[in-house]
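In what comes next, chain A is part of two complexes: it sits with chain B in the first one and with chain C in the second one.
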Partner chain A sequence: MITASIIAPILRVMTPILLCALGGVYSERSGTGNITYEGSMLVGTFTGVVGSYFTGSALVGVLCAVAGGVLVNLFYGMLRIKMGGDNVVCGFAVNSFSIGVTTYLLRTIFHTNGTLSDSRIQGLYKLRIPVLKDIPIIKYFVTNQTLLVYFALLMVFVTAIILKRTKFGFAIRACGENPMAAATVGVNVNRTRWICLVITGMLCGLGGAQMALGNLTQFSEDMVGGRGFIALAAVILSKATPLGVLCTALLFGFAEAYANLLQLTSISSYLILMIPYAAVILILVLQPERLKELKRRIGMRRKLPQV
Partner chain B sequence: MTKLAVDMQQITVRFGKVIANNEVDFQAEWGEVHGLVGENGAGKTTLMRVLYGMYTHHEGTMLINGEKVAFSSPKDAISKGIGMVHQHFSLVPSMTVAENVVIGRPPYKKGLIDLKKSEQIVAQLSAEYGLEIDPKMRVSDLTVGLQQRVEILKALYLGAEILIMDEPTAVLTPQEIKQLMETLRSLKEKGKCIILITHKLAEVRMVTDRITVMRAGVVTARVNTADTDEKKIAMMMVGREVILEVDKQPFHPGETVLSLKNISCFDRMGLPAVRDVSFDVHRGEVVGIAGVQGNGQSELADAVAGLLPLSHGEVFLNGKLMSGGNVPLLCRENGMGHIHDDRIHVGSAADLSIRDNFLAAMYRSDAVKKGPFLDYSKANEIVEENVKKYKVKIGKITDEISSLSGGNMQKLIIAREMYMQPRLLIASQPTRGVDIGATEFIYQQIIHHRDQGNAVLLISNELSEILALSDRILVIYKGSIIGELDRAQATEDKIGLLMAGIRPET
Partner chain C sequence: MNFEFRQRKIKPSIIALSICIGLVLGTVFVLLGGYNVLEVYSYLIRGSLGSVSALSSTIRWTTAFLLCGIASGIAFKGGMFNMGTEGQLYMGAISATLVGIYCKGLPAIAHIPLCMLAGMVAGAIWASIPALLRVYWNTSEIVVTLMMNYIAINFTSFLVKEYFLTTGVFGDSLTTDELAATARFPVFGGSPISFGFILGTLLIIAYILFFTKSKRGFEIKVSGVNPDFAKFSGISVNKVRISVMLMSGMVAGLAGAAEIMGVQGRFLSGFSPDFGTSGMLVALLGNSSGIGIYISAIFMGILKAGSLTLERSAGVSRALAVVIQALIICFVSVKTLKVFDFKKKEGSGKE
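Moving on, here comes the complex of A and B:
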């Protein structure tokens, strides 16, 4: 059933995935092979909470989250671009490291296991837009959302314009598809990739801030719980196009919102929490390209046409 | 006196201990197509990369239009009006033609790239130089010939007055080559200086005004094209006389080795590629399949070798039906050798050593086994011996095969296939991308194999190759065999008409 209780949270739960996947678009299109979104977002949630906890300011928290995301990506860049490591090995190393380091710091700084929840953590301000909140259906989407939700939606279009209509965007695409093409017209391939990694880190950090300071106001170990990988799936699935990322993120947001709703029923909550991830697998299997391929194979068996 | 477009003096380039260019002088004038010819590894591309600012560690001086220059990157070269079209294109596949052309210096409107203007610019350029193309097409949807056109437009957009073309015809079909030659001529008439790097003699004769010949890093000759002929150029390139007409023993075909009965198959995209083809190949004969690239000849070779599934028909090798689970293995066990036209991806395994690539066709044979294990000392011996016999220039047999030049890699593959003494040898584009010295050697090997009483199925886009080697010629057009000619009746004209799909009246 699609009701207010499912519509209202879609945007909220979609935003971290969308921010993260938009960041991923830059990494993916510039050919960095980056798969550290999960780690970047997780560190972002942690540094965001820490920043907010010690200063009592949500804004500082957000800035700290951004810094945390960027740090993780710089670390990945060191391994990958500077030292020439394999992207999957380096990426997994960074992701594992992120889980380890956040858990360790949580226990040493705050002396708690599992979850850090404290009144000193300042959450993000939630907007109520005067006119929109009175329109039916729309009001479910827009009430009580953080600024980051609107920022994420705005970034979809900004990213699309950057990729399509700026020299920087051209450089990114050239670096990703044919680095030779970029180099021969004077683009510094490595520098472009570094910049893209920083952007990815910033957006993943913002995604983390939305999770830990927007949707909740707490940090818990491994709280990202695979949303970074869902974002990665969204990037790959949409061939790293901003609008495609928006659509897939919406889909995953819907799956997660639905799962949250079903949790209230008697079905095992573990089964229900699998829904977003099962959706990823299902969508990956049912990619249009793959369906085309299947059709083609069946077509091979048809009778030989005459000349 | 008019100024020279390019004047390179005493250029020396070293890579470690290897001297790629040794005190090379090179001059080219405005309004000419200048051929820079030589075998693979002679140093042509190196010299041009110096001119294009890609190599900067050279000695010697360069003058462009009489002005002394020192480049630190291709950017500097571009600003002096030099453009280069590389062998491997530097295009972005997902971008449109227009975006690719303007990528180095896009036009702006209100801070954003003006896509409409870009398209106009490209349309204008393409009209001006007769390089017809749709600016809105995505590069990934273009044929190789059109992609090259985009590369040329890109160089022209950046203001190229001196255009370097690095082996531009290696990837083109004969029709595309013709069009390219037209383009080069019209650019020349507009006063530009074209430098054409190539080792194909027919092109040199067709389009160049003057040539500089290089061999082993030095210039061996500078001549006007009109004063020379292909034979002389070949001699200057190789350093000795080259004989591409091979002597063969009289034609006495024996019993049937390969028999194709109404075979059809689809290509890898699922489109019909080979349609209802039947013919036999006998002992002691070379059957040549002529045709314009893309008419199903690669798929025909793969179908015969069991690499593509047949949708119809049967293949018999030595009277035995080739079908079942592992057809390629069955073919090999029944005496088939296959020189594949894609030597990089199918004919060899790039990451494996020269030795392992050689063993790939024979590792099952008892000759290199000790119990269940490979006998490496014996294998090494065999590989060393064959590398020597086939004059493959290598470092160590444990080096990766990708360290070899195209010609040497092909020689190694031929050595491997010949070692098994195949009753049927499929040679698909055996000399594609191979220099003229190695071509001569490969021709001799193929004829030698035939003279020993084996069957050869030769597939080639090069008409001269078909005519030089074949006893019988079949012409393939849109997947069907459209005509058959004995060598004695075959002429270039007759085959050419069939290749274009035109059947003779009678």
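Moving on, here comes the complex of A and C:
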């Protein structure tokens, strides 16, 4: 059932989640408690499609998507950092706002409800390298993928290096772990957090671009469909480490790609659509630490009667 | 990683101010869309309060928001952010529908409570999973409940499509058979909708009494505001968290049952226009107090009914209501608005 050809769809569906979760790493590590990835991604998909539609250039579309993601995060930053709002409530409201505003603007600008798909929307450039596309397994990695896929994979290592090896990375981690101490040694906590939010917005916007201009070339209401929250789960699961995020994103990508494959079989498509979401819960439950804790608990119970 | 949710006291003046800000920013969006502001607002009001049919539409939406708002409010009081009311609502709706269709021959007086009970039990079961995971496994209830929403929506669609699809004229839409007549809400004052509203009103009274008069309500409040303090004063916070989620799920399931029994008459896959989120907005806006939830549910009902009329007659997207709601909530939880809180300033001046 599973062949090597599943690599290509895994990469494709993993990329938005990975980009978004990498953005989340910055937010999370700097202690902003951001949960607006869903909204940033959704606005990113919308502005990306709008940019591409009106200019006919995919590059402008991507830039617009980035701008959209950044705008959402700036709005969140204003509420959270400037005005001291509650992170869960504000984040939730911002997500809800994003759904509302994209639906509203879709109707206002394009006079359609539901889905916008038009030949004027220019999709992203897809890689086709003449020689490599004939090599058995490697061809799945390099054929028909957008450049954002490689950018996402590259960003995993860039993020790891930034967090581990640069002064800025130290500042980010300090702000997240102990903002008071960071402020004492002269780190501008709020400025660092603002920068992190902007980076999050950029990466979430790119994730949106991959969804709306790479995997599909259309926008539909609420097209992100919880992937932002899956990214949030990936961030929580991996304790906001770039490599951990890559692993969890791979797992979710696999679940989704496998679900897409199963849709060709006779199993009810509704059951299959549940798979990625169920996978998130399953992975949350089956975290290695939790299992260790469980083992310890069971071990304690066994020992107790002897005492 | 701090995704803990704590209920915070919000003053009515701040809520009023946020509503003003939300409406002003909403107006900006109306202007951006190139619509006539006066026309838009007059449609909003006429469509919600202007006629008898408009009023019944408002009551119809208010009922759903009220029940969902209570569901979210209970969870907020106990310090849990139940984002899964939508999923619990779907599970409640489907089980109430099935009981309503297949338990034939009962008198209405037994059938209606049975359907509601089925909805409540299903909602509670669906809510128990994230609650147990949160308490014994320490997984974020926010993420789990969110994921379970998507699972519930797909799961109910699957059930309807594979097992309970109606045979008849409905074409592509996934619906079940119609409920037995004995399972529908009785008609009060011209429409069956008002029964749900009365139900919601009674629940609100019960909600207020529960949180002001009863010991358990007090325990829930304390563990929501300060879990550590609650632990030291001998309250089992874990138990409170589970019970809060169960109650929240029950009411959400009841909301689903009421929607089916009062309005829809049959289970239609994907019938809810995100009642769960609206319920959370209601509870946040109402600061989870009984009267607050009641008033904000009516406010949201007016906004929703008005925006539907607005879309039908002026072609403005109904999502405008969502934009305004979300903007209001954005500002409700914000601290700096308290600068404008005149009463507080006067008070501190006297000291």
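Observations on the structure shown:
In this section, the second predicted complex is superposed on the first by the 297 of 307 C-alpha atoms of A that agree within 3 Å, B and C clash if a C-alpha of one lies under 4 Å from a C-alpha of the other, contacts with A are read in each partner's own complex, and residues count from 1 in each chain.
The working rule: a residue touches a chain if its C-beta (ideal position, glycine included) is under 8 Å from a C-beta of that chain, and two chains touch if they have at least 3 such contacts.
No experiment lies behind these values; they were computed from the predicted model shown.
Within the superposed three-chain model, A:I161 lies in touch with chain B and out of touch with chain C [touch as defined at top]. In the superposition on chain A, no contact is made by A:N260 with either chain B or chain C.
Applying the stated contact rule after C-alpha superposition, one finds that A:T184 touches chain B and leaves chain C untouched.
A simple residue count on chain A separates chain B from chain C, and the partner touching more is C. When the shared chain is aligned, no partner comes close enough to touch A:T115: not chain B, not chain C.
Look at A:R173: by the touch rule set out above, it reaches chain B but stays clear of chain C.
Of the two partner chains, chain C is the only one touched by A:E28; chain B is not.
Against chain A, the residues of chain C that register as touching in their complex are 1-3, 5-6, 8, 29, 32-34, 81, 83, 133, 137-140, 142-144, 146-148, 150-151, 154-155, 157-158, 161-162, 277, 280-281, 284, 316-317, 319-323, 325-327, 329-337.
Within the complex formed with chain A, the chain B residues making contact are 73-75, 78, 86, 88-95, 99-100, 103-104, 106, 112-113, 115, 264, 266, 269-270, 272, 275, 311-312, 478-480.
If you check the complex, the residues on chain A that touch chain B are 161, 164-167, 170, 173-174, 177-178, 180-181, 183-186, 296-297, 299-300, 304-305, 307. Listed in rising order, the residues of chain A touching chain C in the complex are 28, 31, 33, 35, 75, 79, 82-90, 92-94, 96-97, 99-101, 103-108, 113, 225-226, 229-230, 232-233, 236, 239-240, 268, 270-271, 273-274, 277-278, 280-281, 284-285, 290.
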